[in-house]
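Labels run A, B, C and D following the written order; every chain starts at residue 1.
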Amino acid sequence: MKGTEVAEAVKEKFKDLVSDVSFPREMVVRLSIPRESIVPFCRFLRDELSCEHLSLVTAVDWPDNFECVYHIASYLEEYMVELHVKIPKDDPKIDSLSEVWRGADFPEREAYDMMGITFVGHPDLRRILLPEDYLFFPLRKDFKG
Amino acid sequence: MIDLYGISYGIGEWFMGIVAVILDFFGQWITPFQGLADWLMRVETLNLLAILIEVMIMVVFVSIINLFIIMWIERKMYGRLQDRRGIMLPLPFRKIQKGTGFLQNLADGMKLIQKENITPKNADKWMFDIAPAIIVTTSVLVFVAIPFSETFVVAELEGGLIFILAILAIAPFAVLLAGWASNNKYTLIGGMRGAAQMLAYEIPLILATVGVILLAGSLNPVEIVLAQQRTIWYGIPLILALLVFLVAIVAELERLPFDIPEAEAELVEGWLTEYSGMRFGLVFVAKWVRTYAGAALITVLFLGGWSGPILPGEIWFIIKSYIVFIIIVWTTWSLPRTRIDQVLNIGWKRLIPLALLSIVIAAVFKWVGWF
Amino acid sequence: MAKAKRRSPGVKGWVIQPLRATFRETMSALLKPETILYPYESKEERDELRKYFRGQHRIDWLKCIGCQLCSRVCPNDCITMEKVKVGEDYQEPSRSEMDEKKNVVLRPGVNIGRCLFCGNCSEYCPTGAWVHTSVVELADFSRDALVFTAEQLKIEGKPTKELKNRIEENPKLDEETCIGCKRCARECPTRCIVMIPGKKMRKDKPIENPKFDYSICIGCGTCAEICPSDSLTMEEI
Amino acid sequence: MTDIWINMGPQHPMTHGLFNLRIRVDGETIVDADPILGYLHRGVEKLCERRDYTQIIPLMDRLCYVSSLTWSHAYCLAAEEMMGIEIPERAKYLRVIALELQRVASHLMWLAAFGPDVGLITALLYAMREREYFLDMLQLMSGARMNQNYPRIGGVRNDIPPEFPHKCLKVLDYFDGKRKLYRRLLDDSAIFMMRTEGVGYLSKEDAMNLGVTGQTLRGSNCPIDLRTHDPYEVYDELDWEVQVAKEGDCYSRYTVRTNEMWESCKIIRGALKKMPKGPIRVKPPKRPKGQAFRRTEDSRGEALIYIIGEGGESPYRLKVRSPVFANMRAVPVILKGHTIADLLVIMGTIDVCIGETDK
């Protein structure tokens, strides 16, 4: 399955929710969805499109909003989905994916630790790399040493 | 052959003779000294003195000369086994740091003496202090009954073998004591493991000797060796018992592959974790003493003790026991560590039946009348 | 639990096979162990490799032009440029040094304590003045002893006229803001800048603007850094 | 005995690095485990936002000091993807050789650490001895033994010296000769089998769902090797096989790792034979804009570098996916029900490298 076919399959199911579709490589599809539909979308990816592997959860601090980037890979079909989800700065919350992929546990904790994004429904949202009583979120752009 | 008792008695008599002459000289003026001199020259007193000197010679021989040699053998040997050079400390004041490393152990001991003896705050202080002492004393005490030759023996006991095995069996108690008294999770687990393992291996150890006792018809180590001189080394007919005994003694000594009580990768240093300074050093050294005791025991029971041509008996004994020691060292550094449940499985399920089988074999030999 | 059929180690596996393995190694190690007595002995094969080693630096003072590129690419800021007085036979230093103090050149010194031996300095050096030796025994008892001055790192090889632009950037002029102060031309380590009259006039005289000879520019960015009116920017070739 | 919590770490012989594995034990059986990370957190991702693209390469080397080249290579690959440049053919082959040498060296370091884990200190010395030869080769190639700083965005730092192929083949022959030693010492040893067989079982479904990658995944009967799955460089042109084991226990992971070493030797031989002549480096553009990610097969699993450039000297955001960090999530799952002694073997086969885990 190529990136274009994946994009079509996703668009068929989620229609308007999917936006900014592009293809950085042949087997990679990059798209963005609103943050409310992240869990059903990912469940669809896992169950219907055989995306077994959540590789990475990245939080990016853009000047006017946060962004969560999920890299999801399929072992069976060799394609990857790069999922961008925009999160407003004043309410950094997103649903946790740890019930879809248990492996999302640690990357989400790291994203919370470094960028201060709260993952709703996460079983154990603590700081992971920094001490428990640390006050700042160091990877935000306004954090200065 | 060196007559240990004769030598000791001679030394005692010579020394006491000098003392008695001096006392006699003063006895001209102070009469009670004459009686004292007479008492000193009596056979009973000289006997007591001879025994003390005997013990001292044995302790010096076993725990200083012999210990340094076996420690050197082990460290050098596993150095070479691992493609290294091993210890290389030269004699003092040499410029190039290249030597045989014979004094390395002495240097290590001196370093350990300088270290602080730390007792954990919440440890049971008395038991914590006593445990190493028990281990060291029992380890050295084994050599009371081990004959290096027919005459080079401190005490020729009728139940010598029972005595040796009993003394060896005290150590698990000390291990448990040390582990428990340290008040540390690692030491507690280590101590429990140590107790479980040593209890499990005590039984095959004793059962493996039963065959030897049957064939020799005696519990006296000297008698056992003499019986072997009359017939054949018991290691040959009782090869099964020898193997069981070897495995059991390695487990008893807490050596790899059975060193789970102090598995350094999982329990830091096991029941030894909280010990420091010379207290640690003593226990560490006692392990080597016990290993040598194990090797000596195998020599006595299965390899014909001091019997051998040309060379004096003591030399033969030492050669044989060193070979056994080298084999133990060789296996130690070639095998991975087993798990506690596997250790107990091997002990209870494999070794005990094999040991019983070896008893049957020995009984058959005896019944047929070969021995 | 999946219990698959595997090749069982068998009875031999209990002790015999591991003992065989270690016995062979012991026998080969008895005469010639793998380890060497480090300060007294060395292995020939390893010695041969050492000539490719990225050890302590040496700087060929005759090749060095004092462009400061090395200190700019260094990830750890361990290179400091020192002004040293030299003889006549040295390659010409940049004009500013010539004008003010005769025979004073900039040469790099290295703080080994911070250096991570990444080799960026020798990689980006436009003249190849940086050389790595195989010296690795640099440990010392004080931190001060780890700071090597330019004089300590000096070697003298052959001077070279060959210049390579490894940064792959050239300065570009914004004529609108240039004030014609000539500082760039003075500071340029390769003297690739000449001042020519430009379009803008001041007091009825044309302002002199820099003109770059890109064939010998090494892209060090000194001119852009020194420019008081920020009218020079570094751009890709 | 009631349940007690034991801190395995941060200073403990079990931890190959600085991390704390808190385990709750009932007697000797582990009931629960909680890895506590972050003792070695250096803020690499934040540092990357302050450094220019070239200076990040030595920084990436230090993510994992045992397998540093694979990390700087992963970064270079991602940066090349973002800048949209294609590197010359010879540089690709050079990179493959360097990567595989590094992989063997890293696996040997793992073997050296795994030996004492199962109680065989002799294996440490033997594996370290072999590793020296591979580090020699890396030094011959790049000039440094450990943090090589060898790949560059757009190629590699320098070409190999002329005597390299000959010497490298000699080392590979030597290493092949030692294969028997390791088979006898470990594979043929009954006690080693007792310690590893059936211990630390991880099912295929669990492994995929937990985000486990690398040898741990391949040990669970899932033949995913990114060198063929998402090919980079010239791995698809060379002749080699993905190593898989079916059972999902520690012995499977052990066999996958050790077999990979021999496979890597095969790759190096093939690459040395096929390597073309030509340039080794192309010029990367300055101040790139865009975002890209590339995943590579690190020595321990899937390494993914996600890089966003906003037209500045340094990247806007750089994110490192560390394989061990993800594998660490599976540790409590695998550990449950095993004994303390098994913990070592399990952690040993996962091959923990805290440098990359804590970033």
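Just so it is clear, contacts are C-beta pairs under 8 Å (C-beta built on N, C-alpha and C of every residue); 3 or more make two chains touch, one makes a residue touch a chain.
Small disclaimer: the values here were computed from a predicted structure and weren't measured.
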Chain whose Cα mean lies nearest the overall Cα mean: D
B-C against A-D, pair bridged by the larger set of C-beta contacts: A-D
Rounded Å distance, subunit A centre to subunit C centre (Cα mean): 41
Gap in Å, rounded to a whole number, between the CA centres of subunit B and subunit A: 65
Subunit A-subunit D separation of Cα centroids, rounded to whole Å: 25
In subunit B, residues with contacts to at least two other chains: 81-84, 333-335
Touching two or more other chains - residues of subunit C: 18, 21-22, 25, 34
Where subunit A touches two or more other chains, by residue: none
Inter-chain touch pairs (all): A-D, B-C, B-D, C-D
Sites on subunit C touched by subunit B in the complex: 15, 18-19, 21-23, 25-26, 28-30, 33-35, 37, 40
Sites on subunit D touched by subunit C in the complex: 51, 54-55, 57-59, 61, 122, 126, 129, 136, 139-140, 142-144, 147, 149, 157, 161, 180-181, 184-185, 187-193, 197-198, 201, 246-249, 251, 283, 285-286
Partner subunit D, residues of subunit C touching it in the complex: 1-4, 6, 8-10, 12-14, 17-18, 20-22, 24-25, 34, 45-46, 49, 52-54, 73, 75, 116-120, 123, 132, 168-169, 236
Residues of subunit B that touch subunit D when the two form their complex: 78, 81-84, 185-186, 189, 193, 256-257, 259-260, 263-268, 333-342
Touching residues (chain side subunit A, partner subunit D) in the complex: 24-25, 27, 52-56, 58, 60-61, 69, 71, 73, 75, 78, 80, 82, 101-107, 110, 114, 127-131, 138-139
